[in-house]
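Please find one structure pasted underneath; my questions will follow.
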Amino acid sequence: MNITEIYNHVRKRTEEICSVLNTEDYVPQPVNFVSPPKWHLAHSSWFFEEFLLKKYLPDYKIYDDDFCFLFNSYYNTVGNRTFRAERGHITRPTVAQVYDYRNYIDIHMQLLLQLKDPQVHELLELGINHEQQHQELLLTDIKYILGCNPIFPVYDVNIDWENQQNSDSGFFAFPEGVYEVGHNGDGFSFDNEHGRHKVYLEEFEISQNLITNLEYLEFIEAGGYSNFNYWLDEGWAWINENEVKAPLYWHKIDGEWHMFTMAGIQKINPEALVTHISFYEAAAFAEWKGMRLPTEFEWEAASFKLDWGKRWEWTNSAYLAYPNFKKAKGAIGEYNGKFMINQMVLRGASCATAKHHSRSTYRNFFHPNERWQFTGIRLAKK
Amino acid sequence: MNITEIYNHVRKRTEEICSVLNTEDYVPQPVNFVSPPKWHLAHSSWFFEEFLLKKYLPDYKIYDDDFCFLFNSYYNTVGNRTFRAERGHITRPTVAQVYDYRNYIDIHMQLLLQLKDPQVHELLELGINHEQQHQELLLTDIKYILGCNPIFPVYDVNIDWENQQNSDSGFFAFPEGVYEVGHNGDGFSFDNEHGRHKVYLEEFEISQNLITNLEYLEFIEAGGYSNFNYWLDEGWAWINENEVKAPLYWHKIDGEWHMFTMAGIQKINPEALVTHISFYEAAAFAEWKGMRLPTEFEWEAASFKLDWGKRWEWTNSAYLAYPNFKKAKGAIGEYNGKFMINQMVLRGASCATAKHHSRSTYRNFFHPNERWQFTGIRLAKK
Amino acid sequence: MNITEIYNHVRKRTEEICSVLNTEDYVPQPVNFVSPPKWHLAHSSWFFEEFLLKKYLPDYKIYDDDFCFLFNSYYNTVGNRTFRAERGHITRPTVAQVYDYRNYIDIHMQLLLQLKDPQVHELLELGINHEQQHQELLLTDIKYILGCNPIFPVYDVNIDWENQQNSDSGFFAFPEGVYEVGHNGDGFSFDNEHGRHKVYLEEFEISQNLITNLEYLEFIEAGGYSNFNYWLDEGWAWINENEVKAPLYWHKIDGEWHMFTMAGIQKINPEALVTHISFYEAAAFAEWKGMRLPTEFEWEAASFKLDWGKRWEWTNSAYLAYPNFKKAKGAIGEYNGKFMINQMVLRGASCATAKHHSRSTYRNFFHPNERWQFTGIRLAKK
Amino acid sequence: MNITEIYNHVRKRTEEICSVLNTEDYVPQPVNFVSPPKWHLAHSSWFFEEFLLKKYLPDYKIYDDDFCFLFNSYYNTVGNRTFRAERGHITRPTVAQVYDYRNYIDIHMQLLLQLKDPQVHELLELGINHEQQHQELLLTDIKYILGCNPIFPVYDVNIDWENQQNSDSGFFAFPEGVYEVGHNGDGFSFDNEHGRHKVYLEEFEISQNLITNLEYLEFIEAGGYSNFNYWLDEGWAWINENEVKAPLYWHKIDGEWHMFTMAGIQKINPEALVTHISFYEAAAFAEWKGMRLPTEFEWEAASFKLDWGKRWEWTNSAYLAYPNFKKAKGAIGEYNGKFMINQMVLRGASCATAKHHSRSTYRNFFHPNERWQFTGIRLAKK
């Protein structure tokens, strides 16, 4: 596919994700970290308008001035943003108007793409990858919104993500030595994975399989959530304040564990990979097992051996700048760098990640208590 | 109109109120005290189902079990209720399904009304008055939802409520003595206005006119919001914590005061009656004027002389039980009595009140900081 | 006793209350509504300095400018006040310095009292009554501070307040009619009990005895704290949010109810009058009994028949202005009026009230959730 | 000094730190992260009782069972702990009783030390180092408590810590390559600095001097606190929510910057090293300078060249486990490992650190918003 085809394909995929929603489903923001589907649709379009059309398409007329501040996310450089926590109270523009906005952007993007302006390429790739990131958030935010509803609506009965299983087992061993990590420059990549550099790793072993629901149930039944010895101090406070006793979306119904899935409420499948796990839970599980989580560099060094793409895998690495990290100038510089505090790196990809979006150097990151993504656990040991 | 016609008329009016809404507008709950329009539509129908159809219509089949707990409000007797603060996150049932529910209830209510069961009459009147109360809340909640939107959507350009003016002026004087207050038994009334009883009032004077925007602006410009001497201690804390500097919906745009109205954003009309005032503000204004708010009994004694129906008028009476107050048995007993703490009585009616719904003995009540109703100020003095 | 003797007697009594404290006990403010004993000692002295010595004693030299803002309470007129919530973090001036301040004030008050300035009399009486109010708060705040300590320190083994019992039983009946309430002008009284005025009361009956621990235990054992039918809506929310299951200071130890008293931890005495009850609990108890709390006017009309002085008795009257209520000019005007919102009136006096301080027209007031005073329950019925 | 002399010396030093306090100063806990001096005195004694005397001194009699749960800190293994936020409300045991407890522990420790039990040595060293850590916290907590007081009490006029200056300037350059970091096993060290291991560092330069007040004032005056471009996203939220506009303890008085010091309030000394800086501020300052903070490994590799010991220096490394990190068994295992989340590493030592306590491999750690320690800024660049 050429870049125009990729653009069109990705844009269409975003709308496909929303095709089974009712208008009402596009509106709410049940918690701060979830955004209304309507907002994702508009914001990913705003990104192309703000960073491409306004600058590179001659005589481009902004669709609507109001959209600029309504659908900006965190780009302080661009202007006053709407308070993030209030996104769910904004009923206008309507969903229909947002789709009209998308259409308007797409029509003008076709014009821009015909100009074949070489300056545009890098930002275009960023916009496409940005939209793919929002596709994953759309899916996990829709799951969260539906999961808030006591009547547990189904998103799609044909999606079987929560039942994915391992295809491998056992541990791989890696020797001590200098390894290279980080992106080497070919193909698209985010600034946070530049530049390629050397790290020194001690000898380590990394598991070929992810933890299953069965293994996680053993942890629960062994009293994992009530023994402070397994927990980081802040993790222990977190489970107690929030009365966490199981992964997100798990419900005990008539004495049996169930899970809310994209296909509705289901009994826990013991063979399936556990998911919707916070870093705190992943670390406590590893402690209980007498092992540990891999670092992001161990993971990357081992990645060529791993089957991955089912769950985002928590690492024991904090999300920090690589040596020689450079922020881009202007608003694009706000993309990644300013989030480099109090977050942990996840590696791999999940069932909800857009195809061909991730890679072995990709650094995803969330706060240690966040678990509405399709996260999972891979263990390491020395 | 007979009771069936009244029922049909009131039910139709509720839907008229929503006729200009988009689907998205039915969903959010921006603050705890506001409910989504969808919820009002369903809840007022649920009331007829729960208290009339289930008990008095032979072979009635409940529309949907889920609706019972989704659209119950605070009737603890009836079953587990949804948490009030989460109403805005429930996207299903959809708006269309809620209208279908209304229709189902109305069809069965026609059947019930044809039975002419005399037992039904009292609960039917209560249900109709309950729906009228929710009509007013629908209007004020819709205004709140639209007013949260930085682009200030219009509800109806033909509504001119915020520009209503006084038709009278001056003070009426009333002599000291025993007066009778409370409802005397003819026509529908709520339990909180029973039973009629004597009160002893000192000599008092009550104003024939309500306070205007012009008078309120004088208070603002005289530093009313920055001089603690005018304020109750909790009122002073409230304006400081919330940075309150003017009535709700007032915005200073380019140095000039504007107000968000049902017809959109407008410049303040100095002749119009001030509205969206908390009890704290009403009491501070009165203190600044060297007067006071009337008690609810002074108001009721004077009511035959007053032109009212434009603004709910704050009184200096706490919402408490009348002598001989009796709670009804069962869930209906939860209607009013359990709210008799920390709220102040408002008398009269407002531009948003359903016609023929209020009366001179009617007791409305809100917390002293609440001001999203069409409230106003009438002064009294000795 | 002449006024100088009364002054000296009251000032000495304040220090007696603190005589068994350790220096450490004078410092903490465990919750916002409790003040450190050190603060009470200084603040009651500051009152005499601010309102009497500075104005009426020629050539009076202020003890220390810092004390003016450290020990002001809520008198906005006088200057910047310390934030109330921070009182427990202020370690200097020390306790010894505060006693030195008291001594300095007392020496200068002797000089002022010798002048026999008639202007001084009214403020002097207010200062003495103010100090008596703080004596009661000192006792209840000390109890609260000691009660926070998991090792339950004893204040005074000889105090037997929590074991006081009823001396009467049965109900008195009063006929319908006009009654006079409020203070008539002889002797000291607070502005909130002026002026004497007529009220019309329906026929009522009021109990001669207060509720005992035994009766209250019956309410607990009958599931009183888990049946919403007995509770005001905000009371129900309050007990659930705070996990309230019994009066303040009750602890279940090895399956048996105990109570922290001024004399340490003791088993519940069934004959003793229940105390440390919120308005919410008093109202729920009355509802469970099929009765109600008296209004403050019923209480006052009946007071000549009642034995009282053991517990502050919650009434079902909100704390609001009497007809003809006038605020004094200046800072003294802040004494009572500005608290007339969201509080309920208590009548009588408690075991901790200074002798001769209360009277039948006295209006005490607290928020409906507050219960660290020695409060109790008297029932009424029609 | 032999180990007994060291023990006695360190214990005496703790009491010297408190020698100028009044009894009242020992009591408050103004914020969660500060502990009352009384608590530090007791807790550091409890450590010796719990981990040494109870286990290794024959026939040892516990001083008081209550002290075990009152003065435990976060050692969940040992038993129920007091809630950390309530430490400031516990007035008993008194300060005198706490000193008596210290004395009792010291007497029994002499007995234990005479036994020369080799098993004891490691825990004894840990207890001494633990007490030294609390000496530094005592000093910074005392400063915080005094700094809360609007009258700014002096701790010691002879302490000149806040006026310390640089003795070097310029940058050192280090070449790319493998470096060794971590403790190598000689002398006491904490588990978090084990074991010595290789890291690969890119070429870097590190400053010989720390940032001064003058340089930091330039940042303030250049609008550093109002330009989001310099800040991490959570840092930007933190300064806005807390209205942070300068380092902790800075006050603008009559238009001039002052600082609360151990010796009282003083004008800012431009030559002195800036201190009481959060990680957020350090990172923003570095961004503004176009440089960055060093990683903890760069710092350690360069440490033999650096003059340090005046300010704890924020690094851009998260506090995480080293390869081969092993938790000790039992309660001692809770010492460090469970805090390895959401904290950043500081290296070096400060003016308030006990002599000979720190070393080049020492890893101190605090949350990125914490700044009541004597923290400072050292820059690095590539």
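When the chains are written out, they are named A, B, C and D in that same order, and each has its own residue count from 1.
Convention: a residue touches a chain if its C-beta (ideal position, glycine included) is under 8 Å from a C-beta of that chain, and two chains touch if they have at least 3 such contacts.
Chain identities (UniProt): A, B, C, D = Ergothioneine biosynthesis protein EgtB.
All of these numbers come straight from a predicted model, not from anything done at the bench.
Participant: Farthest from chain A in C-alpha centre terms, which chain would that be?
Facilitator: C
Participant: Taking the mean of the C-alpha atoms as each chain's centre, how many Å separate chain A from chain B?
Facilitator: Centre-to-centre distance between chain A and chain B: 45 Å.
Participant: Indicate the whole-number Å distance between the mean C-alpha point of chain B and the mean C-alpha point of chain C.
Facilitator: One centre to the other, that is 36 Å.
Participant: Express in whole angstrom the distance between the two chain centres, defined as the mean CA positions of chain B and chain D.
Facilitator: 57
Participant: Going through chain B residue by residue, note those that touch at least 2 other chains and give them in order.
Facilitator: none
Participant: Looking at which chains touch which, would you call it a line, ring, star, complete or other?
Facilitator: ring
Participant: Strictly by the criterion at the top, what is the full list of touching chain pairs?
Facilitator: Per the contact definition above, the touching pairs are A-B, A-D, B-C, C-D.
Participant: Could you list, by residue number, the parts of chain B that touch chain A in their complex?
Facilitator: Within the complex, chain B contacts chain A at residues 22-28, 30, 38, 66, 69-70, 82, 86, 88-92, 94-95, 145-146, 148-151, 153.
Participant: Hey, which residues of chain C end up touching chain B in the complex?
Facilitator: Chain C residues touching chain B: 74, 76-77, 178, 197-202, 204, 228-229, 231-236, 279-280, 283, 292, 316-318, 320-321, 323-324, 333, 338-342, 368, 382.
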